[in-house]
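Chain naming follows the written order as A, B, C and D, and within any one chain the residues start at number 1.
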Amino acid sequence: MVMDETLERKTTRKDFMNIYERKIHLSDTDAAGVVYFASLLSICHEAYEASLEAAEIDFKTLVSNPEIAIPIVHGEIDFFHPLFCGDRLIISLTPIPLKETKFEIIYRVWVSSSPDICVAKAKTTHVCIHPNTRQRVPLPEFIGQWLEEQAQSSTDELLEKFSDLR
Amino acid sequence: MVMDETLERKTTRKDFMNIYERKIHLSDTDAAGVVYFASLLSICHEAYEASLEAAEIDFKTLVSNPEIAIPIVHGEIDFFHPLFCGDRLIISLTPIPLKETKFEIIYRVWVSSSPDICVAKAKTTHVCIHPNTRQRVPLPEFIGQWLEEQAQSSTDELLEKFSDLR
Amino acid sequence: MVMDETLERKTTRKDFMNIYERKIHLSDTDAAGVVYFASLLSICHEAYEASLEAAEIDFKTLVSNPEIAIPIVHGEIDFFHPLFCGDRLIISLTPIPLKETKFEIIYRVWVSSSPDICVAKAKTTHVCIHPNTRQRVPLPEFIGQWLEEQAQSSTDELLEKFSDLR
Amino acid sequence: MVMDETLERKTTRKDFMNIYERKIHLSDTDAAGVVYFASLLSICHEAYEASLEAAEIDFKTLVSNPEIAIPIVHGEIDFFHPLFCGDRLIISLTPIPLKETKFEIIYRVWVSSSPDICVAKAKTTHVCIHPNTRQRVPLPEFIGQWLEEQAQSSTDELLEKFSDLR
């Protein structure tokens, strides 16, 4: 059935938009034998890039846009368990619109071998500015749409999808 | 047919062992707008880690092995074309046994949007040592097996596989 | 006078313990033309390493200590101004003892060319654990001493010292 | 004497242009307990940035120049000894003019605690291009001057200077 196929495709697309999988590479670790703390924030940012890409937003174009820039003004991360080289991470991201110039993203991180235990949680806050004046400007429409689409998939849905990945 | 299935599985496994796909993340780039040169060597190393993993060699165990270490003693990279944030890289790796204590890996890098143009080429040389004495010791058997398996898939085969990925 | 000389030496040492200077390297930046957000957290961590070193605490020994590990369980950063390649950063750090197993560090970041404007603020939280059991254990005495010494130089003093660096 | 003073100042400036000191940070290491191989190439690049800065060439302006770009087309590194977190590196750089569009830099790396042993050697090759056409163009005059000034301080001189740093 055509309708079902469409539904199927939409679900799959959302899956990809909200869940990011990634192995811990040697370069992510430090001499203490675990992931270097700032590297996990960087890995979470990859999940954001992948989500935009899944929504057909070209990250390269966004980064070199002369009209708008969306820098991170705040980042934070909490570690609940150590992460080791070779661990397969599963990262969910939940973007939250805040103002017409601002949004944040909540990231939850699991290791595929212990999918019941959230190993880390992170947050990034993004504001839209003009690259030259550095004054705040409204988020572009395509980011607004991406935020809206994301809002439709709640954390519960995420966890459900995640259970399929186990 | 069972034989065919085995063949199928072997081929698939080799594919994964020799080809690594990876997007360029924002963190891989620098203010010149392209990939930071040393980051691409790091991305090539990810291809090596993925190849070992595909051969069921646990990289974490290898790195923390108290009996052997396999540090890189030489690395080099040539860039033929600039690489940008969001580019989807396809990296082939060709491990080459050199001595009983030493091997090297040749990496070739393409961008999926222009699969006829090799954008970069890299090489890493690895020697096996005892972590405490730092004296050379023979490569462990499982690395020998991995090298042997890899040798069976020539560059031509790689290019053929690559053409399937286009 | 001997007394003065001792005082002089102590002041100099504290200066070094609390203030860290560092240029922004090309590798710290991204294609958006500014410092990659997670890189600044990493640069703040360098200030922590330098402060321990100034207190004659060997960071390498600390990292490979089989009895204790002091991983970061929380990190956060706020950006108030963009940072560019070549900017000379001045970072103050203020360690704060929290429990016998835990401390945090507040970092303030300035650019030497505009020393009145704080460009970023960061925080890392560190807990002491046994590397094998990952259970919390009291911080070692030398870290306690370092925390105590740091507490003696207040933020006001820091800013005063900083004014000398302008 | 004025002449002597000028000489003195020139020597000091050249010292800074050719020698770069840098501690190994935790973020430079990996779970194998040593410096991550590609990180040392990145550290060598810092020496290049510092040398340009010592010659009053603004690296930020260079990187964002719309008329020219000087990307690295080749990088390589050889490791002779392992490097650990906290090691204080001394890096000499020797730029070598190759063509009117091209130069290379040789880096030699020592650890300050064992200044007789070269622990690593690296090379980067740089070509000058127009950022839009990516066609080769002659190196700007200020780079030509920097190369010339550098050529005046031979490796022997470097080693002599280095002996003062021990």
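Quick note on the criterion: contacts are C-beta pairs under 8 Å (C-beta built on N, C-alpha and C of every residue); 3 or more make two chains touch, one makes a residue touch a chain.
Everything numeric in this text was worked out from a predicted model, so none of it was measured.
Colleague: Taking CA centroids for every chain, report which one is farthest away from subunit A.
Modeller: Between subunit A and the rest, the longest centre separation is with D.
Colleague: Please tell me whether C-D or A-C has the greater number of C-beta pairs in contact.
Modeller: A-C
Colleague: So the centre of each chain is just the mean of its C-alpha atoms; given that, what is the distance between subunit A and subunit C in Å?
Modeller: 29
Colleague: Between subunit B and subunit C, tell me the centre distance in angstrom, where each centre is the average of that chain's C-alpha atoms.
Modeller: 37
Colleague: Among the residues of subunit D, which ones contact at least 2 other chains?
Modeller: 26-27, 29-34, 36, 38, 42, 45, 60, 63-64, 84-85
Colleague: Residue numbers of subunit C touching subunit B in their complex, please.
Modeller: Contact set of subunit C toward subunit B: 26-27, 29-34, 36, 38, 84-85.
Colleague: Taking the touch rule as given, give the residues of subunit A at its contact with subunit C in the complex, in rising order.
Modeller: Going by the criterion above, the answer is residues 30-34, 36-39, 41-42, 45, 60, 63-64, 69, 71-80, 82, 124, 134.
Colleague: For subunit D, which residues count as touching subunit C in their complex?
Modeller: Contact set of subunit D toward subunit C: 23, 25-27, 29, 33, 42, 45-46, 49-50, 53, 58-60, 63-64, 84-87.
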